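Once you've had a glance at the structure underneath, I'll fire off some questions.
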Amino acid sequence: MGFILLALPVITVILFMLFRGRRLLHGLSIASSTILLIVSVFLTKSVILYDTVEYSAFWGFYYVDALSIIVLDIVIVLGFIVSIYSIGYLNEELKHGKIDTARLRLYYILMYSFMFTMVLALTVKNMGIMWIAIEATTLASAFLVGFYNNKQSLEAAWKYIIICSVGIAFALLGIIFLHLSSLNVLQDSQLLDWTALFDHATLLESSILRLAFMFILIGFGTKAGLSPMHTWLPGAHSQAPAPISALLSGVLLNSAMYGIIRTVAIVNKNLGSSIFTGRLLIALGLLSVALAAIVILTQKEYKTLLAYSSIEHMGIIAFAIGIFTPGSIFAALFHMINHSFTKSMLFLCSGSIMQKYHSGKISKIKGVLKILPVTGTAFMLGLFAIAGTPPFSVFASKFNIILSAFENDTPILGVLLVTLLSIVFMGIVLNLFRMFYGDRGTQDLKPGEFNIPGTAAIVLLLLVISISGIYIPNELGDLIIKAQTIILGG
Amino acid sequence: MANYLDALSVLILFSSFILVANKRVKSYIRTFRIQSILIAFATGIMGIQSLQTEGHIDILVVCLIMIVLKVIYIPNLLNKAYDKVQYKVEKDFFFNIPLHVFVCCILVVFSFFSLSTIKDINAGTVNMQVVNMVSVVLIGLYFMITRKKAIGQIVGFLVIENGLFVTAIFATHGMPFIVDLGIFIDILTAVLIMGIMVFKINEEFDSIDINKLKNLRG
Amino acid sequence: MSTFVYILVQILVIILLAPLVNGVIQKVKALTQKRKGAPLLQMYFDLRKLFHKSAVVSEVSSWIFKATPYIVFSTAVTAALFVPVSTMITPAAFPGDAIMLIYLLALGRFFMVLAGLDTASTFGGMGSSREAMISSLMEPSIIVSVITIGLISKSTSVYQMMTTAQFAGLPLAHPVYLVVFLAFLVIIVTESSRIPVDDPATHLELTMVHEAMILEYSGRHLALMELSAVIKQLVFITFVVNIFMPHDQLIGMVGIGAIMLSLLIYVLKVIVISVLIAVIEISTVKFRLLSVPNLAALSFILSFLGFLNYLVLWR
């Protein structure tokens, strides 16, 4: 049953290549993402009941445990929401003549290929295939980033593919070293299996493993947007079409972070202490937050600002993984979920704003609350959320992370983090709140929502992030605790 | 036999130095082809060895794929791409060649010192081969950073992947077969996509000078 | 007594064989161009002709001009003493003679540079400055190559290097030897002033280096300078041949027969390397002067890689 998750996007892509009509394409997309959603619900139920789901077909590569299912669920749910939003978004683009039906078809083909590669990365236990899938996500999304084919998109796409490919190549070097460290310990059939590596972690060669970890951190960290390898991120996330930016920010960064977390689990079990990995992760995390803080203060385009905010949040997650206490890992996983939902909602709102105002600069956008009432309100609340205001969910996870920094006898780090986060808050508020009031230059814009399904999707996300700040359903909490146990070493 | 592999590993490292010392794009592609031939040769020797001792043919198959892809197909692709793109960039790199070669020399020394602190890669042969191959990766990265033409960056990426592949072959006698296969498919797709992007960049910007791609800074 | 005989044999072989190398090279070049070319022994005839002619000396030159041919010749011949043509003939070998060899030749080159400047002709000055630049760029490569080979054989005496190489199987299959051999190919090409570094058959201002320095010489002075140049070339070739292709004995043979056989094998090896040099000359063009540093850098990298790999393999 789990194979449907892999097979369905492939079938969908093939079907997309066969059909032409606009309505048909939209319908196919919705149908496909709905089925994926239903399947993933069943899969989650299985994982809750049985702890892991493994099949022995295809050399036994298929493997889903609590950690995978959390990230996988985010992928599928956001895929569903983005496909709803895309209908309205693409119709509007068609109306304004920016794209034609052929490009619409290309959009869907690429989007579902992208979904396939991400699902593949999350459902295998062989680290080599995980690497291949993560590289494939770069390749699948390269043309999506450059979708509009103008100078800036092409520049962003070129930087994206070059920087991410080089970064991923370094991750491959890390995986080769991982392989090298396990040569004397594992038999042929178990090479590069995460479960086998994890079980025998203490027998692996430590110094090679350290080298492997550094390379994998740099490599997957490039994909995850950690400084100083983040330079592709602002360009790519701001130039891509808004629903794709939502996917990139909300899903792709998580998948890369997932790769890092898997490796951290092995290395920490081998070294017996988390100081080595912790130092590196905390350093990179704080660097990312600091860099994001500085740039957000002076950013002039709203989508780029949201992209830097993604860098900041990935830095926070890396920081939390670096601290490596049960509380911080729980908070990190919870933060992944919260950040994905909040950031996607923000990107979807910004997509609607971009389509209404036809400009990406903050200074050109005024009076959003009047022109796009529902989207504008969601956007404003979302900005509060992403900056860490209660009662939204991001506040809960951020607070827990800061708390665990203080609990861990490293108060300086906590203080540093709090200072940087306040600078980010300041930056977001200063820069973005100008967009909401006033009405200069907006006389010829028709007020009113134009993307009804998309707005519904946005409201849905808003509800989710408001509620999950106060209440987590028991099953979700148990699932996160299971994932935390897996990372910590059983 | 092991001696021949050592000698080949040094020659592969030397070919990456020749790459850095070149000035013209066609020479980059030709040097990449020579390097791929050397690597295919080394892989072939290892494949025959493993066939004799263990009876696996994976490494030989991988060697064959490598020949088809990196010796024949990708250099032809790049040559055709370069022929269609009109270049207006005169000087492709920032300093003069001996300085570049010297910096690459420092990279080799650096990788030598870093890898020799790892006590576990102990057998002298493996150690030297791994040092040589990691140096190839670092030189590929350096090459990529210092080129102004987009095709130079693609060749740099391919050299990095070459270095990784040969590190895997020398240090661990090849990755699991399916992983190798997947890596090749990935590289092929990546080069195809990069090639298409070079066309599009040339159309939009009228040149393939990377320095012109600076609208998105900040 | 036998030492004296050995020294005599060594010097005679090298001096007599040196012009033949030039003959072989230009014959190979001619054959590939579908010409018959000058006879193999042409250079002997040239030298004999030059020795009969009188030397014309410029009035504005100093003693350096007249002394240089003799200095250059004597340094070349002395250097020839240190590279044994056969491992059974042990001429004057002592620790450090490899370094001595290089710097003897450098002494000769120094005086050639001065002599080029001495006649106050523009060609000479130009040749001297170019020669100084090229040789100083190539020097690190030579030193590192020689030191690497010396480290492998744990001595700096050329004779020791040769005997160590003899017991190493086929040296060229060994990575360190292979790489240093490639570096030495570049060095030979430079030191004998061949394409791609310098064209030995040109008198165009744009392309001469060595020729420019000896442009003012005539008669016996010119004969000595030309002879020294080919001796220097043969010294380097002998170095390469006897270290990288050192097998020259049949096991068990001793006495005069063995020595004759090893000398014969030596001549054959020299011819092989001469053909290799000719092939290099045919297949490349002369580099722009400002591209010679690139070649020097590559040669240095080769020798440095040999050194690094030696460090890894023998530690």
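Just so it is clear, A, B and C label the chains in written order, and each chain counts residues from 1 on its own.
The rule is simple: a contact is a pair of C-beta atoms (placed from the backbone, for glycine too) under 8 Å apart; a residue touches a chain by one contact, two chains touch by 3 or more.
What you are looking at is a predicted structure, and each value in this text was computed from that prediction instead of being measured.
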Can you identify the chain nearest the overall CA centroid, using each chain's own CA centroid?
B
Identity of the chain that, by mean CA position, is farthest from subunit B:
C
Pair of chains whose C-beta contact count is the highest in the structure
A-B
With chain centres taken as the means of their Cα atoms, state the distance from subunit B to subunit C in Å.
36
The distance between the C-alpha centres of subunit A and subunit C, rounded to whole Å, is 66
Which whole number of Å gives the spacing of the CA centres of subunit A and subunit B?
31
Subunit B partner, complex, touching residues on subunit A are 59, 126, 128-129, 131-132, 135-136, 138-139, 142-143, 146, 149-152, 154-159, 161-162, 165-166, 169, 172-173, 176, 179-181, 183, 191-192, 205-208, 211, 234-235, 238-239, 295
Subunit A contact footprint on subunit B (complex, rising order)
117-121, 134, 137, 141, 144, 150, 153, 157, 160-161, 164, 167-168, 171-172, 175-176, 178-179, 182-183, 185-186, 189-190, 193-194, 197, 200-201, 204-205, 213-216, 218
Show me the residue ranges of subunit B that touch subunit C in the complex, using the header's touch definition.
3-4, 6-7, 9-11, 13-14, 17-18, 21, 96-98, 101-102, 104-105, 108-109, 112, 116, 124-125, 127-128, 131-132
Which residues, counting only subunit C, touch subunit B once they are in their complex?
173-176, 178-179, 182, 293-294, 296-298, 300-302, 304-306, 308-309, 311-315
